[in-house]
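What follows is a pair of complexes built around subunit A, which joins subunit B in one and subunit C in the other.
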Partner chain A sequence: MKIILTGGFLGSGKTTFIRHLAEFLVKQEGKRVVIIENEAGEVGIDDKLLSLDGFQVKEISGGCICCQLTAELTVAVGQIMKQFNPQWIIVEATGLAKIASVIDTLKKYGKGFESVYTIVLADAERWQELAEIMPDFVFSQVAAADLVLVNKIDQAPAVDLTSIISKIKEVNPQARVESVSALNGIDEKLFKGLIRDESGSTPTNP
Partner chain B sequence: MTAANELYEERLKRIKTAAALEKPDRVPVVPLANAFCARHMGVKMSEFCTNPKISNETIIKSFSRLGEFDGLQSAAFYATGLSTLWLSKVKLPGYDLPENELWQVDERELMTIEDYDAIIDKGYNEFLSDYYRERLDNLEAKLQPLSYMPQAQKNIEDLGIVLFCGGMATIPYESFCGGRSMPAFLKDLFRIPDKVQEAMDVAMVDILENTRQMLRAAKPIAIWTGGWRSASEFLSPRLWNRFVFPYFKQLVQAVVDEGVIAILHFDSDWTRDLEYLRELPKGKCVLALDGATDIFKAKEILGDHMCIMGDVPSSPLSLGTPDEVHDYCRRLINEIGPAGFILSSGCDIPPNAKPENVKAMIDSVK
Partner chain C sequence: MKAVARQLTLDLQSPLSLEELESPVQDMMLRLAGAFSVRGVVPGHIKALVEEGESYGSFSCTKPDKVNRYASPQTKDALFHRPRFYLNIVLVGVPEEKVAAEADASLDEFLNSVRSGTGSD
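Up next, the complex of A and B:
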């Protein structure tokens, strides 16, 4: 079982992207997939968006506090493994999660999965604003990613895009960076590349 | 003096000594737990979080099985009360959620851009009274069960346990951010900062006065003055220094002026701005951390200025072993203590914490 952890600030397009990814894994690759929605302080998930055949969605929440979600998530991963034994678990972290500490907790306490591959969505439309308002947060998310998706490019001028990408590469030179419009669909090539990359990512808890 | 009475005085002295940055006979341990106690005792979450009498009994029962500790940060729980801090509705188990789920602050844009003007024009109390009625479905009436709180406090004190948090107050940032929803609020900070600040300044007048009144009526030892949305990690230094810290400074000063300890219950990561907390009154505040802020750094920067409380994080409590919890607690006691330190969970003990891990935390002070 492999985990894909998806992060990115509130409203950056995580759920929209995950739907495409799950669909690809289920339909094209014939895999069993479970999605975990890790909600805190955000609008509950849109059921329509995720009610697709072929995969399960599990929602977890930590009351008013973010600090408990990470432990809940790790517990949920274990339960899902026992109950569904999927090949992939896709986790949507809350938009306020510190991705690096989610990864740490999963690696430290999680059991039975082969790897964690981290995708962070950066909202191109709001990038400048968020980078100015919450620089530490935005950059630490990007820094924790294996793959950064600059999303909503349909709403950002091309010039901005170039500078966003170069800033992301400066913060995290190791990560792959791609631009997408999750709303308009994702090219299959990106998913295939993602799966190829993933199999090269660091294994955990063998 | 009864035995419980004596025990109470001994524990209170221990906690107050630590809060005043001195060295007590041993490090006090003052956990914070709500949902955990419900799960631990098999009480339905739907009943626990909607009935302060039940939550009070449950908390007492749960902790009576977990060893000997000095105080608690919560005597009873009432989820709808969270609406007053974050201006959001709260989804309740048994009503909006399955009966054993955790309650959830349901963040939506209930507060509008126009509300900043309403606050400036009418004053905050007036605004709140309309907001509670119109947008939080008559919140005022729903808060009636909170009248049980003094009895809940008495019930734990009669057992010789100190209630080390007898109220809550926060800054406008936390409330506005909850009412507007975080994405919308951050936009406001970017687009209409002067308007937001003006509304905050107006709101602060009533917040300070309400807090004073509350403290004079309830005479608590300490109150919760905290937040998580206003954490350093979510804001640039420039914005934090404009919209967050000045308001905490005023709030904390008002609390301290009433002779009450301000518990800076700071969730999420505040490491970057710890240095500023030295501007708060020395020996009168307790910095309560949840594991996200670097507590060892906090000791380095603030050790001679304010007591530190915390910070056994939820992950080891839920997923670790008693030995692991014990070792971490001993490290805290030795490195953050033994003076000016109160051992506690980082924020609320999570519902799925293992009781043996909570017990290991409590026993570690011996």
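Up next, the complex of A and C:
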């Protein structure tokens, strides 16, 4: 079982992306997939949307899996493994999560999975403004990623895109950076590359 | 966590399609987005879901001038009678009480415009 952790600021397109990714894994690859949804707020919307779309979803609510609910996350992973034995768990963190802390929790306390691969979405439509309003936070999310998806490129002029990508590469030189428009669909090649990268990512609890 | 969330059942006096619900939902979200945007963007995410049986429409706002809609295919011709309605607002740097007050005022206005009794819970 492998984990894909998805982060990125509020509204950057995490759920939109996960819908495509889960569909690819389930329909094209024939895999069992469970999605863990951690949403800011007592009433989740994303877990309902993904359930309505027919995916297996586990909701963790009432706090953030990067701080108050770290134990809930590791317990949920264990339960999902026992109950569904999926090949993939996709975790959607809240848009306010410190992604590095979630990775730490999974690596320290999580059991029974091979690896964690982290995808962070950057919202190209609001990048400039968000980077001015809360630079440390926005950059720290990107810094934790194995793969950064610069999303909503349908809304960003080409010049902006170039500067966004170069900033991201400066903050996280190790990460792969791709530009996408999750709203309009994701090229299968990206998913195939992702699965390939995932097999090479750091094993957990060796 | 700084989130304002509301859920209720709309008791619509006459059934409405998603098309008909769209503009009142949009108005509500744009009012909220307008109240709290910073440097021309929503410093967070305002989203809503209308759901009844298999039909649903979701709405999302990250810029003060536009609301995106996503609907299930079977929702196109569906009529909503007593849908569940969810509103979820997470904004960075705005006191939660201010968001809650604006959310409740906008929600009242929305309920009036769709002529819904408050089946609130």
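Here, the second predicted complex is superposed on the first by the 189 of 206 C-alpha atoms of A that agree within 3 Å, B and C clash if a C-alpha of one lies under 4 Å from a C-alpha of the other, contacts with A are read in each partner's own complex, and residues count from 1 in each chain.
Heads up, the rule we're going with is that a residue touches a chain if its C-beta (ideal position, glycine included) is under 8 Å from a C-beta of that chain, and two chains touch if they have at least 3 such contacts.
Just so we're clear, the structure is a prediction, and the values are computed from it rather than from any experiment.
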Between subunit B and subunit C, more extensive residue contact with subunit A: B
Subunit B versus subunit C as contact partner of A:Glu129, first or second or both or neither: both
First, second, both or neither for A:Val171, with subunit B first and subunit C second: neither
Contacts of A:Lys108 with subunit B and subunit C, given as first, second, both or neither: first
Contacts of A:Thr94 with subunit B and subunit C, given as first, second, both or neither: second
Partner chain in contact with A:Leu10 - subunit B first, subunit C second, else both or neither: both
Partner chain(s) touched by A:Thr74 [first = subunit B, second = subunit C, both, neither]: first
Intersection of subunit A interface sets (partners subunit B, subunit C): 10-11, 39, 41-44, 63-64, 96, 129-130, 132-134
Complex contacts: residues of subunit A adjacent to subunit B: 9-11, 39, 41-44, 61-68, 70-72, 74-75, 96, 98, 101, 105, 108-109, 129-130, 132-137, 140
Of subunit C, residues touching subunit A in the complex: 1-7, 38-45, 47-49, 51, 54, 56, 58, 60, 62-63, 68, 70, 72, 86, 88-90, 92-93
Complex contacts: residues of subunit A adjacent to subunit C: 10-11, 39-45, 48-49, 52-53, 63-64, 94-96, 123, 125-126, 129-130, 132-134, 183
Complex contacts: residues of subunit B adjacent to subunit A: 35, 82, 86, 101-108, 178, 181-183, 186-187, 189-190, 228-229, 232-236, 239, 267-269, 272, 290-292, 313-315, 317-320, 346-348, 350-352
